[in-house]
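The following block contains the structure, expressed as structure tokens.
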Amino acid sequence: MSNVLGNNLKITVFGESHGPCIGITIDGISAGVKVDDTFIKECLSKRRPSTSYETKRVEQDNYSIVSGVFEGYTTGTPLTIIIPNENTKSSDYSELKISPRPGHADYVANVKYAGYQDYRGGGHFSGRITAGIVAGGAIVLDALEKIGVKIGSHIVSVKDVKDRKFSNPSEIDVINKKEFPVFDNQEAIENVMKEAAEEGDSVGGVIETMIAGLPVGVGSPMFDSLEASISYAMFAIGGIKGVEFGEGFNFANLKGSEANDAFEIDNKKIVTKTNHNGGVNGGISNGMPVTFNVVVKPTPSISKEQDTVNMLANKNEKLVIKGRHDPAIIRRVNIVIRCMTAFVVADALIARYGEDVLRIGF
Amino acid sequence: MSNVLGNNLKITVFGESHGPCIGITIDGISAGVKVDDTFIKECLSKRRPSTSYETKRVEQDNYSIVSGVFEGYTTGTPLTIIIPNENTKSSDYSELKISPRPGHADYVANVKYAGYQDYRGGGHFSGRITAGIVAGGAIVLDALEKIGVKIGSHIVSVKDVKDRKFSNPSEIDVINKKEFPVFDNQEAIENVMKEAAEEGDSVGGVIETMIAGLPVGVGSPMFDSLEASISYAMFAIGGIKGVEFGEGFNFANLKGSEANDAFEIDNKKIVTKTNHNGGVNGGISNGMPVTFNVVVKPTPSISKEQDTVNMLANKNEKLVIKGRHDPAIIRRVNIVIRCMTAFVVADALIARYGEDVLRIGF
Amino acid sequence: MSNVLGNNLKITVFGESHGPCIGITIDGISAGVKVDDTFIKECLSKRRPSTSYETKRVEQDNYSIVSGVFEGYTTGTPLTIIIPNENTKSSDYSELKISPRPGHADYVANVKYAGYQDYRGGGHFSGRITAGIVAGGAIVLDALEKIGVKIGSHIVSVKDVKDRKFSNPSEIDVINKKEFPVFDNQEAIENVMKEAAEEGDSVGGVIETMIAGLPVGVGSPMFDSLEASISYAMFAIGGIKGVEFGEGFNFANLKGSEANDAFEIDNKKIVTKTNHNGGVNGGISNGMPVTFNVVVKPTPSISKEQDTVNMLANKNEKLVIKGRHDPAIIRRVNIVIRCMTAFVVADALIARYGEDVLRIGF
Amino acid sequence: MSNVLGNNLKITVFGESHGPCIGITIDGISAGVKVDDTFIKECLSKRRPSTSYETKRVEQDNYSIVSGVFEGYTTGTPLTIIIPNENTKSSDYSELKISPRPGHADYVANVKYAGYQDYRGGGHFSGRITAGIVAGGAIVLDALEKIGVKIGSHIVSVKDVKDRKFSNPSEIDVINKKEFPVFDNQEAIENVMKEAAEEGDSVGGVIETMIAGLPVGVGSPMFDSLEASISYAMFAIGGIKGVEFGEGFNFANLKGSEANDAFEIDNKKIVTKTNHNGGVNGGISNGMPVTFNVVVKPTPSISKEQDTVNMLANKNEKLVIKGRHDPAIIRRVNIVIRCMTAFVVADALIARYGEDVLRIGF
């Protein structure tokens, strides 16, 4: 229910920030997909904190694939990856049982789980669990690329500093090679993050994603629309508070004549002259690149003093969050978005073409 | 898969624009919920076109509840509503088999369904199917109100004309009574719509929704987060291209200290001083009003000439869409958003409190 | 939840015995499947009571396909069939609100639905709802046959009178042509039923089904095993109280050396010498015919006096069920089993081969 | 899809016979359920081979609960148990890539997974994966007992040696305490198993299960019927080839007057005089004990020579299965049935009473 995603390619995530490990099980991945550990490690490193303005809690992510891979290829049966948590400090969080951190799930978890929740480091709500999304998603991302579908993501804005948007699919390879996921303006964007770190505060931002190479006809009308499926998965990632496709909220400023994507023949293929709709009509892919934005809210954990309550005594009190946290997670979230998208895209392709599509293509 | 929504309270929609009827089946609604036909009719009338700038195709929506209601109350077994289509003109759409309308699903459906799709009036993709969402959703909306949960929606912007946002739950009753779903600025907003109609063009806009009275603890972390569930349902509605919660995309402009909602005790209850997070933390309701925006793109059907292709001959051609269509659907979509939200909220309440919650409350 | 079946090809059933109509929606059926009304009518007639020992309530089943079919072919979008209920007599059932019939769901529904259930004619629990299973299943059955998969069902025993079992796939066409679904012994079997009718009692029996032509590799290990999926659907049919595959419960009498199906090459294909396992290994089809039995319990509605309780007064009392009912429903259930099986098989084929398989085959 | 079960309480199983570990994730278990490691170990020991006629591969099952439990109680978030595989001998299975064992999934997996399957020890199809079902199910079994619902299972027949059936709920505690799960006739039953072992053959049998204490109204009509849900889960267990409820296939021998369960008042409660229907009417519990049988086929792995094919050379050949295997698994399967049943029952209770039912009862 809450930790399972997908219809044909299903993923189940498990684990907690301060438990021994986190993990993911992928069921329904085509047999015969090559598993490239180098690529998995590369994706995991993109998620790992590495800068001065990110958390000091660094994990090695020494993952193990404990099922579903044999002699280097997927078997078609459930594939499970387990990643140990090594760098845990439980003592940092002992007050959370009583004083909920603003913007976090401490309070709601205390009510929903009647006080039985694991409050340390956010427990199940921690971003740590996304390491499994990345390790598993990397395998699917790789398979998709081999059958002609590429996914790229980058930071498109942090506060008032912007990066240029994707203009065409060839830029996907460009952005995926980048150490820092922007086309331009890396320094200006990082400065905003460092500033927030120095203030003991935090910033968020917007991530743009492009999916290229998806054939026409993937997705369904209504509840299994590509947009519904993608957004559903995006909101499962901590900190995501909005999703928009194509022009997104800018559609509110356009007229129909400005928003419509006219059709034309290009090189004997039907394409659209523009792509305001982000590659999706009526929930179904139209062959143009699928583009969407997600907004990441500023990390709730900041060093500044905040107002909260004492849940036991039921009175107001002040809170200063100690411990290690992320002033700006958006660079690290970028690869999570990309990998999560891979799961949704694969699921939709399998629905249309059958369970072997990731091996044999379409 | 594509026409079923929900986990405990499941809805299935069926029907086509030019078929004999459309309908909806609701399974999992608590037994003993009073069915108020006056309220259902009221909601349906809000969806019905009525202004000069809306489509001339007006349906009476003489619905029949064919199962699941007995002696005025829900039985707990599947509840089906059937609404006849009366005002169909098939001749208006005969070119669509060959010339896809920009922004519509004609092209993708022709590929996905190998030419077997019902192309008349958009077939299954037509907004007509939302009449079932409204008729069925009205029953759930009504039940929710009786157990203390209210949902209100209004137009918050059309092009550069804005309406003020919800500031507190008492405004829900106010907005729900309005004939035209805005707090202020009705005239200015309608003028933008009339202008578009006169130009043979169309406009979209943004709808804001507030859910008040939801207790703490509803929803789950990760994939069954309230935000994931709501957005998934929203994107199933034709024309929706973005969803954002609380501050939404504005989070990109805020620092953590500005975005966080500090906790405080108010009248012995734990509340937040602000509500930037729109009432949801970690996917779970925190007791504050849940607020979200959806963007409706401008209706693709416009009278102006557009560029398209001839799918048979595989060459470019011009298209003028005849027939009846909506220059501005946002007033009509408003009640659809409100009703769809009711389904999601009810589903989440049932998950937490069990199948009788809509009758006995929480 | 309770009225939806399937993963890729989903069916939703709705309606009640004494409501205006019953119906079914099929979502996920491949586009381009020819719809043969003659065949649908033929299947429905097999479900219709026609003998002296069956219920006198005869419906015409004048079904309407209200969506999902266009110019004689499926569109790929949700297909809905509605069948009016014509021959309803509500007055026959007025005591059921207070005195539950043994073997029926009157008591449990009164508790589960807190007294709000529609008690007339069993309401939602009535076998009437299977008319939709047959009308919709007929379309899928037909499509499956065209791509090489045949399904046949017959009565294999009623009390101590037996019919011979399927011995090979060529018998499927033979049994499907039969008016009365047995290979031999029709008279003896009908005599048992007539005897029960005369006594004001009822009998049940066992139905055997064979699926031939299923390619190797359909179904999944564990929870989406072909056996799990088929049994899940079978138990949804009223009166079914057991399902067994291949040797079924007779496996308890065999040793492994007697139960195993040895492999051999036959005409360059891998087959098994025997088929004790009923064509399924580890939840996956092995190319041999899939065979299974279901047991139908004797119809609970009998004319003889029975002991029950008065739920209002909470005391014991006697009950004589008036009204029209079925002393032996097994002949009529046969086509329901066959059609329900078609849904499950189609769903599994789509999972393996993709959404177009019912049109283009495998 | 294939490794996920449940609607509200979801279980995901993963792992392979010869991988580093197997595991299970339970999502949706109520927070605040006490976790009793002694009881988990006790259940696991019942699954462990211990007799002369069972496999020599003995695992210690040193499980770790890696998430979802904190300070001895469930947190309400996903609970994952990982169990290492210690006693693996891969060399025993090297021929399976080419020569499929009759009755096993070797052949179908080779086709379905295009040769990429992990063939060692049955890979994902191995019974080893049921260790996770038992470890996780033990937690749920324990919680159910504390809220008044008990589940007991025992061997009711092996070949022609029978054990007496459950006659009333008080026998559940009796049978659960037994080392060998039978009421009587242990020696005769074990003799049949030893005989099979000595012959290098195998036997199966029938397991009867009783669920007592389930309140009236649990389960739904049609596809979420208790019987549908239980059978679906049963068939996911390797070797299960039939499920029957109450009288099961014996219903075919009864008349309605013999099969119906008359109602009566007993101690002010409504009960049935008999329980032919096994506690379920119309898919919903009626307050009487739920009883059902499953048949376990004889273990396919036998020492005797068998006929098979060479899949590479496409010709017939002989096969002698070396390695360690189970001549009679039924004693070990008994606890698996019991634990799997616990999952289904808990899922159905949560659907009716909400997510906290396992902690607070009904």
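Order of writing sets the chain letters: A, B, C and D. Residues in each chain are counted from 1.
Convention: contacts are C-beta pairs under 8 Å (C-beta built on N, C-alpha and C of every residue); 3 or more make two chains touch, one makes a residue touch a chain.
Remember, predicted model here, so these are calculated numbers, not experimental data.
Trainee: Would you mind checking which chain's C-alpha centre is most distant from the centre of subunit D?
Mentor: B
Trainee: I want to compare two interfaces, A-B and B-D. Which one has more contacting C-beta pairs?
Mentor: Comparing A-B with B-D, the pair joined by more C-beta contacts is A-B.
Trainee: Taking the mean of the CA coordinates per chain, how far is subunit B from subunit D in Å?
Mentor: Computed value for the inter-centroid distance: 44 Å.
Trainee: Report the inter-centroid distance (CA atoms only) between subunit B and subunit C in whole Å.
Mentor: For subunit B versus subunit C, the centre distance works out to 37 Å.
Trainee: Centroid from C-alpha atoms only, then distance subunit A to subunit B, rounded to Å. What do you get?
Mentor: It comes to 26 Å between the two C-alpha centres.
Trainee: Listing for subunit B: what residues touch at least two other chains?
Mentor: Residues 1-4, 7-8, 13, 77, 112, 124, 221, 351-352, 356 of subunit B touch two or more partner chains.
Trainee: In their shared complex, at which residues does subunit C touch subunit D?
Mentor: 1-5, 7, 13, 100, 102-105, 107-109, 111-112, 124-125, 129, 157-160, 196, 199, 201-206, 216-217, 220-225, 227-229, 231-236, 238, 240-249, 251-265, 268, 270, 272-273, 277-278, 281-286, 293, 295-302, 304, 306-309, 311, 314-316, 327, 351-352
Trainee: Using the touch rule from the top, collect the residues of subunit C that touch subunit A in their complex.
Mentor: Answer in residue numbers: 7-8, 77, 221, 350-357.
Trainee: Inside the complex, what are the residues of subunit C that reach subunit B?
Mentor: Touch list, subunit C to subunit B: 1-4, 6-8, 10, 12-16, 19-23, 25, 27-28, 31-32, 64, 66-68, 70, 73-78, 80, 82, 112-118, 123-124, 356, 359.
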